[in-house]
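Letters are used for the chains, namely A, B and C, taken in the order the chains are written, and counting of residues starts over at 1 for each.
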Amino acid sequence: MTRQTARILALHGGLLAVLFAAQFVLPAYHHGNLARIMVLASYAIGYNILFGYTGLLSLGHALFFAAGMYAMGLGIQYGGLSPAPAFLAGVVAGALISGALALLALRTTGVAFMIVTLMFAQAGYLTILYFGEYTRGDEGFVIQTAQRMLWGINLSDPVNRYFAAFGLFAISLSLSLWMVRAPFGRVLVAIRENEDRVQMLGYDTYVHKLGAMVVSGTISAAAGAAYGLLFGYAGASFASVQYSIFPLLWVLLGGAGTVLGPFIGTLFMFYLIDLSSGVTTAYMLIAGVVLVALTLFAPQGLAGEVRRRVWRGLP
Amino acid sequence: MELGPYILLASLEGAVTAAVLALTAVGLSLVFGVMRVVNIAHGEFFMLGAVIAWWVANSIGGPPAMGFAAALVIAPLVVGTIAAAADMTILKRLEYDPERTIVATIGLLYILQQLTLMTYGPDARPVEAPFNQRLALPWIGRTETGWEMYYPWGLSTTTYKLAVIGAAAAVLGGVWAMMARTRIGLLMRATQADRDMALAFGIPVEKVYALVFGIGAGLAALAAVLIVPIQQAHYLMGADPLLLSFIVVIIGGLGSLPGTVVAAILIGLSDGIISVFFSPTLAKILATLLVGLVLVFRPNGLFGTRAP
Amino acid sequence: MSALLSTRALSKHFDGLVAVSDVDLDLTVGEVRALIGPNGAGKTTLVGMICGRIAPSSGTVAFDGRDITALPAHKRIGLGMAYTFQITSVFARLSVRENVALAARRRLAGGHVDSAVHEALAQVGLEERAGEEAGNLSYGHQRLLEIAMGLAQAPRLLILDEPTQGLSEGEIARFTGLIGGLRGQTTVLLIEHNMRVVWDVADRVTVLNFGEVLAEGTPQEIHENRAVQAAYLGTEAG
């Protein structure tokens, strides 16, 4: 193991250790917040694989998040599934839908890719509304405590919930760290930098992008399924444009194309909105201002700045 | 009502939608055509137009026509100025990089929308139309006594709705004349054709961009002022015009103004008629899927021939 | 001797403009072939069609006896072609090492990648720069990095598009030695403007003019060919 690798493992393992230990010291309010942040950060990690590492800006990831959430939720509500197979159903739904969308959307590039993903996600959102009889539309439906018993463990209990969220986050983070250092991830980064050249090195860039989109969509769906399961609710708002913009915002803020960026961005943005929503109902104003400010002044994001100024080897 | 008169009514309502949509979409199309900028905040400029119209009409008082006339002038100007300022402070500094400008205009969308929520509030508020006579419309149908012209119950429109259609047509004519006949239109077309060449010929491209972005937003605001007596002003009203404008611009051929107008009429009319048969949600699902698929398989738009 | 690469009646029209017309080109295994011709003669278009970057209007390309006209670029590279860009096209924000590693990883894994990277960088004299960001290299060094990326693929056919453009005298000498070292193992197709390099390294020379093959032969034959002198060398000699 090189020194570089040791440092990388120490940094990312250190974060996981801190998050694991935090559950014993945090007051209840922040304890609950952090569980939520870890699930949302997993969503951001999924988004980052496509946007940060492959350079494809999707405006439709809410489709994958909601696919996971609804496949899980509807599976419990109407299919009588228990949490484990329901979660699995969510993950599979995410993989299938992201694969299907990738087949269409990857025929386009740049701005067209953004609009295509936006449109299909919007169609997904409207479909949830259209089948309001089952999905309860904007209102959503509650997943009862009794339906959230995983192998005798009550997922609505804060301690268990934190632990489950931590598990999801640890897996997502490790997967993303492993992937971006593996040959597959290196090719994704190269595609982001110069797709034409990658092709002329003999790589099938289409297949790589397809793989990136499916991995990205599947992690997003796992986060969506976990969110519904842990917090006991599925609603159409999680499929709306806003939930496609959120991971973009978190990743931009934390640092696109860095492994830690999604977590950092989610953490900051969550508390920023949490604080401002105490002052005004127009808390999305903060999101707007941050988006504009980031594109203007810090397109690299927080972890990106660290990479640029302090440690160039930051993965 | 029978189906025939019902469809006539739907087409009339559709024509109003089409007129307003054409104005909004031409604004979006102009910005995309000349600047290659996809303005996600376009719907919010529409919303601002409606909200400012309410504000102007309310603070002026007097007869409804006076407030409305003032709004018709003030709202587009104010919105255009805001847009031009946003172009000069934000988009220009991003050097119009396509992806970064989209992210920035998403930010702008939330800023405008949420500032409106903070100041104007969450209520929907009406603006009174300057005139609003009901016009009953005749229909020729078969009755017991043979073919006959009669006035079916419910088949009517208003003078105001007809005026909206007329005003939109006049403004579109004005936009066409500006692009085709004036010096500023020539500068815009030159910038659209080749930005670098335009720069080399000493065209003040930055000013042209700010102007185009302002005009684009102003057109959306104008459309909103026209519609606000029919549909109330609300801080979330920008989403639908944005989506519909996208559909129109993409189907009409990206950046092509005549194509945009044709597509707006097509979509506006069919929107009115389709909603007779489908639920509005299903219609929207089909429309969004259509846009996505057109972009995938016909990236130059349904009627577009030129590469974008 | 068998042909590694053969094109038959390969043509490309852009909107009615003929860029390449009816080119038959045969490269035997192990030879170093130079492709020369005035600017706009269609050299880059021709190699673009050979490696799959540009779809031909008509004609065929065969590699190692197999018709590859319909294969996408990455599959042709997979068969053993490598192409280095005329306009430097390295991954500017990645390290020099990673640039070459990307090229090597297509066929190798694990520790073999590192040794292949090291070897390729040593061949072009960039091993000291391995840790630097490729975008920070000088133009000449970026050209050398391009070549190293080509070498790291260990191709059977190496296509170099104006590799010596922007190189210093010393670097050109090194490059000439490098190509000499490949002779017999790797077939090389070289687009080159620098006639000294052509005379030094090429086994055979093909001259392209207005998209057509004007002449083909040993450097000596081409040097003495009157048609070539008129079309090309005449202007070169000034």
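In this text, a contact is a pair of C-beta atoms (placed from the backbone, for glycine too) under 8 Å apart; a residue touches a chain by one contact, two chains touch by 3 or more.
All of these numbers come straight from a predicted model, not from anything done at the bench.
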Report summary line: argmin over chains of |mean CA - global mean CA| returns A
**Report entry** Most distant chain from chain A, judged by the mean position of its C-alpha atoms
**Finding:** C
Query raised in the report: Between chain B and chain C, what's the gap in Å when you average each chain's C-alpha atoms?
Result: 53
Report task. Please compute the C-alpha centroid of chain A, do the same for chain B, then give the distance between them in whole Å. Result -> 35
Query raised in the report: Using the average of all C-alpha atoms in each chain as its centre, how far is it in Å between chain A and chain C?
Result: 44
Requested in this report: Name, in rising order, each residue of chain C that touches chain A in their complex.
Outcome: 51, 53, 72-75, 77-78, 83, 85, 89-94, 98, 101-103, 105-106, 109, 149, 153
Query - chain A residues touching chain C - in the complex, by the definition given at the top - result: 183, 186-187, 189-190, 193-194, 196-205
Query raised in the report: Which of the residues in chain B come into contact with chain A in the complex?
Result: 38, 90, 93-94, 98-100, 102-104, 106-115, 117-118, 122, 243, 246, 250, 279, 281-282, 284-285, 288-289, 291-293, 295-297, 299
Report summary line: The answer for chain A against chain B in the complex is residues 57, 59, 104-105, 107-108, 110-112, 114-116, 119-120, 122-123, 126-127, 129-130, 245, 248, 252, 280-285, 287-296, 299
